[in-house]
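Two complexes, one shared chain (subunit A), two partners (subunit B, subunit C).
So, the complex of A and B:
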């Protein structure tokens, strides 16, 4: 296990270094930030001073060497936009995304397991049909549309929830609901499919023949053996949420890392782009290792 | 199954019983929702909308302010100004003013603020308004300071409206996010979610009615409008036309922005005057205006009314497609290659319905007989065509642009657009340059008339551009506030101008 973790960590570090190198050069290809940071009527002299102040007048390979040297000293650079440490900016935003992603993926997985299992237990029933319809609709509804309609109905029309922002538990309801829709829809389909095949297995017939209670057969025997594909898909969905939920963050004014990353790319705030990618890449590598470990817990045949 | 139903019912009940999301702000506290998060709170960047709307005249104040109606500089931290000679201005400062950290406002503090702006040690957007002028500051006595420029600067009092005076304790060599000024509000909180300003008890002037202002930001116009409608916010300075649906709370106002198309007069066939006139005549302006709302105003020049040099008598180009076709045929007969492809360069997101306007204009020019092709670019690529040095082999092009001048004087527009050395200019006319230089050096009525003449020449003789519309902004103001937007709203929202309605 320790060897496995060490090997995964080593590979992850190599991947992060490769990713950061790629991001460093790709961001520089987008052009000169002074075009965006200075007023249109700035003089050439002012533009040159801006480049000098921010080290952008150096050859790109020299800028890269500076970046690597600073990285070794855990100096991730200053945000051009915010006049403060780029890593501080990224680390302030990331927990907001992580909290939202954790709640959304946990709730959607739990709910999908329940609904998918019950639908598979009675295939073709009214519940199964409704579950399939709702899950497919959820998976395919555009999140920005659901978000705006949700605000118009629950905040403007009924006055039950705040339109956006953070602060109280009521602020969580709409963003979490919108973020849950797609994972819930996909996971219900996965759970239903794997459960249908599990419930048709000989060991379930044996369990039924032994007279085990229905609930124990579904949730105790069939579900446990159906969970591996669910974990794979849920892990993949969690990864995309950890990377930031740009639409939800933008509409609901949630100060997460997804919107920060997009804004930084548009604004050519290179240090923040690099820091957000470093933070999310590290989180995704940790998440992937956790998913691998979860496989071993769920399936005793898997050993590292 | 039954358990699931109960769980869902419980969630619905809990939601219904949730405390109302509408924050009950204290009577004199307001909440403003902006379209964008301020990137930082450096007072040297107050010409940037999302910084200026929070800081300008609230936390930090300038030496002068521009009257939104007359365009003339009015006293603020400076009470008087006199021109000692063409390059030197003497500024008298207001007495009894203190910074929020207790420091006295004096000549040294003003010299400190201006020297900080021009030091080159931090990125300062505001200094762009001074162009490449070199300034020297000399305190004369405690409340008098002399500003010397390396060239005549007849509008120095106007330029001083972008100089934000900060405490001498502010770092000289780094941008700050905790500005200390002389304004009626102090910065209390700046987080990724909010900025909070609290009233400053030691303010030198009349105390504003508002005691606390909280700023939040939402990029979606419909969400900003919804926040004011539900009472979560009291004011938003900008909503899209489609969200301005409530006549009780939504106000249209002429902002300082003018949309236009720059004609690249250096490239054939656009170097032909007949073709440039035809471009102006071929557009169905009334039809095009429908994209921008009923209140939009047709433009004949690049500055709005109220800016020194704007000529009310200058008529916009009419719609005359037959005349446009005739002029193009005349040019063709005279050997002008009118069939050459002309690139119409638009900018994504430049203003609402900007892309639709470009598509419509392209079609109208094609109908008139010109070979115009539209290319929409993102801001960085578009900037390459806007500013010198232009891309090599750029070819004949028409460039979509929007110009914002709310600084009171045409000097912030004319040299950039029309002088040969102007960063956006495609003209090379030494005689026109001389007229522009003379206007920039003139004062008083002579200055106003010179700029009017320049706008007249740019429209009638040079036909340097295709002025489109003076744009309209829409705001939503909650029913408990009394506030009206004006030409300066794009750059500042002084909280002192906001009142609470009496019941």
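So, the complex of A and C:
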């Protein structure tokens, strides 16, 4: 167990280093920040001074070594845009994304388990067909389209909800709803499928022969055995949400890490891009280890 | 029969809906059972024996199931069309059931204790500490060692026999009036089977419950039954007092079943051993050993597990060597090493003058042509998306020199006829055949590369008794016609009695006894062989007399 965690952590650190290397060079392929941060008519001397100040005049491998050395001292660089610690900028945005992701994934998983189980309990029923239709439609609808139509109808048209930003609980409704659509749709399908095969398994016959009540058979015996694939898919979806729901955050002006990431890329704010990647990658690795541990909790046959 | 009749099933008819016509699984079946009595429902696979009892428990899913007619009268209550609540008060409390494969029938994610406690809780017969104490007591009763600790174990942490004991504990928790046992010992080794059957008999004596036992195994049937009903094709073909049915079967099907019994009286049974042994040694195995190093845990150092421990034997041309052992005895490991599917840790195996384990890639190819294998589960070992023609001709794709391509079609037809199938079967898929036919296809595939030695690993274990006899007959016939040698691996000692020339009994990776078949059966020397022979169930009417 401890060995397992140690090994996972070691592999994770290796992956993060690889990822950061890749990101470092790729961001620099986007162009020179001085073109964006200095006035169009600034002189060559001013540009050179800006480059020197930010270490951009050095050869790229030298810049990389510098970056690594700073990393070891936990110095993640300065934001060009905000003139303060890049890591601080990333860490301020991240909780906003985390809150949104946690609410969306928790709600959609819980709802999908309920709907999927009930659909599987009576396959072919009206409820099953409606659930399948709604979930498939949800999983297939492009989120940016739903988001824009949502704003048009509920914010602009009816004036019920704010168009964007944060503050009140009403600000949460549309982003959470849009973020839930895809995970909910996929998870209903997964829950329904695994529940169907669980309900057909021999131990369900035993439960029926024991005279257990129906809801105990469905939610006690079948569901518990169906959870592993659900955790896998939900974990994967959670990962993509933690990564920052770029589109949704941008449309609803949600100050999360996805929006920060895309803004920083456009602005060539290299240090911030690298910091956001470091933060989300670390979070994703922690999430993956948590999912592995959850497997062992759910299935006593899995031991690390 | 008498006032004590507790369950009376009458004219039960069950269909299964399919795309075309409904398939009649159970056709006008009637039976009854009394308190304290054991009724055995005997039948081969597909005979409808399980469906009839599942209907009593309302375990048949409708659809696709469709209960067309019939009544099940249990202690004055009509069971068919019973509401969910009334049904719950009977299932698990008054009628309980155990199944063939306890690993699949126990929920893998709950401790066995939890699953037994659930029976008490859901029937309002105690919860919490009470239920747990009762559960531990039950586990002790069914013979689980250290029940105080084992109660918190998960199903996968028990052996097969123990798992069936757990199932039995769960079933008898509320002292039901009827226990239905659906092939309860089919997946178990003979010695374990004997223990489980003893346990069932003891429990019946203690509680006076009626026992309905479903089995395809004639010996198990004879050892348990007071009365017996024989089912075939969904119908009851014969019913009566067990002794009468066995000693004087009326129906042709029953007669055929009983004559197929490989364990019958040795004098009567036809001898299928080879008549002439060429004598020349084909395969010589010396000091074959396979060790597995088990991973070291946090508190234990590395351990070695000896799957096969220094065994030597030889097979001569035209001879059948039976390797007999229970699960975990290492018999399959031997087969896997001989076929080069596993590397041995030590030892050598000389086939036609050459050590198998030192062959290079090319020599190994040639060797594999000469040695073929037939597995236990022909369905699992055949690609379901390949037609029989492609399955049988595949060896010729690999070994190009066996047969020119223009002759493949005729040869496949010949091989199919050789194993008792029809040439037109070549265009079908494996799922379109019965288990026995699939095993014939597997044999045809093995024959395609013109082998000298065929290794059969539990090749007939999954088949019904009458089919087993047919496949053994086929193997014996092919041996004579093609002068083949066999290594026949099985857990079922009596099955090789009239087929193997020599028998090797394995236990814990070692050979405990080896000898000519008649000598071994006549006077088994080793204690383990004796216990294996004695573990074969004996008819109830003999033991009671």
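As a convention for this text, the second predicted complex is superposed on the first by the 304 of 304 C-alpha atoms of A that agree within 3 Å, B and C clash if a C-alpha of one lies under 4 Å from a C-alpha of the other, contacts with A are read in each partner's own complex, and residues count from 1 in each chain.
Here, a residue touches a chain if its C-beta (ideal position, glycine included) is under 8 Å from a C-beta of that chain, and two chains touch if they have at least 3 such contacts.
On a predicted model such as this, the values are computed, not experimentally measured, just so you know.
Enquirer: Return fit or clash for subunit B versus subunit C, each positioned on subunit A through the superposition.
Expert: Because the two structures are overlaid on the shared chain, the partners are seen to fit without clashing.
Enquirer: For the superposed arrangement, I'd like the angle with vertex at the C-alpha centre of subunit A and ends at subunit B and subunit C, nearest 10 degrees.
Expert: 160
Enquirer: State whether A:214 touches subunit B only (first), subunit C only (second), both chains, or neither.
Expert: Only subunit C; A:214 stays clear of subunit B.
Enquirer: Output check: A:203 vs subunit B and subunit C. Expected answer is one of first, second, both, neither. What do you get?
Expert: Touch partner of A:203: subunit C, not subunit B.
Enquirer: According to the stated criteria, A:40 is in contact with first (subunit B), second (subunit C), both, or neither; which is it?
Expert: first
Enquirer: What is the contact status of A:156 with respect to subunit B (first) and subunit C (second): first, second, both, or neither?
Expert: It touches subunit B, and subunit C stays clear.
Enquirer: Once chain A of both complexes is superposed, is A:251 in touch with subunit B (first), subunit C (second), both, or neither?
Expert: Touch partner of A:251: subunit B, not subunit C.
Enquirer: Between subunit B and subunit C, whom does A:141 touch in the aligned arrangement: first, second, both, or neither?
Expert: Neither partner.
Enquirer: Just subunit B (first), just subunit C (second), both, or neither: which does A:118 touch?
Expert: first
Enquirer: Check the contacts made with subunit A and report whether subunit B or subunit C touches more of its residues.
Expert: Result: the larger residue contact count on subunit A belongs to B.
Enquirer: Closest Cα approach between subunit B and subunit C after superposing, in Å?
Expert: Minimum over all C-alpha pairs of subunit B and subunit C: 18 Å.
Enquirer: On subunit A, which stretch or stretches are contacted by subunit B in one complex as well as by subunit C in the other?
Expert: Common to the two interfaces on subunit A: nothing.
Enquirer: So in the complex, which bits of subunit B are touching subunit A?
Expert: Touching subunit A from subunit B are residues 1, 4, 15-16, 18-22, 39-40, 42, 47, 120-123, 125, 127-129, 131-132, 174-177, 192-193, 216-220, 222-223, 226-227, 229-230, 232, 379-380, 383, 386-387, 412, 416, 423-424.
Enquirer: Can you list the subunit C residues touching subunit A in their complex?
Expert: So the residues of subunit C in touch with subunit A come to 57-59, 84, 87-93, 96-97, 99, 101, 104-111, 118-119, 122-123, 154, 156, 167, 170-171, 298.
Enquirer: Touching residues of subunit A toward subunit B in the complex: what are they?
Expert: So the residues of subunit A touching subunit B come out as 30-32, 35-43, 45-46, 49-50, 53, 81-84, 89, 92-93, 114, 118, 127, 148, 151-152, 155-156, 159-166, 168-171, 173, 250-253, 255, 267-268.
Enquirer: Using the touch definition from the top, list the residues of subunit A that touch subunit C in their complex.
Expert: Subunit A residues touching subunit C: 1-3, 201-203, 205-214, 216, 221, 224-225, 298-301.
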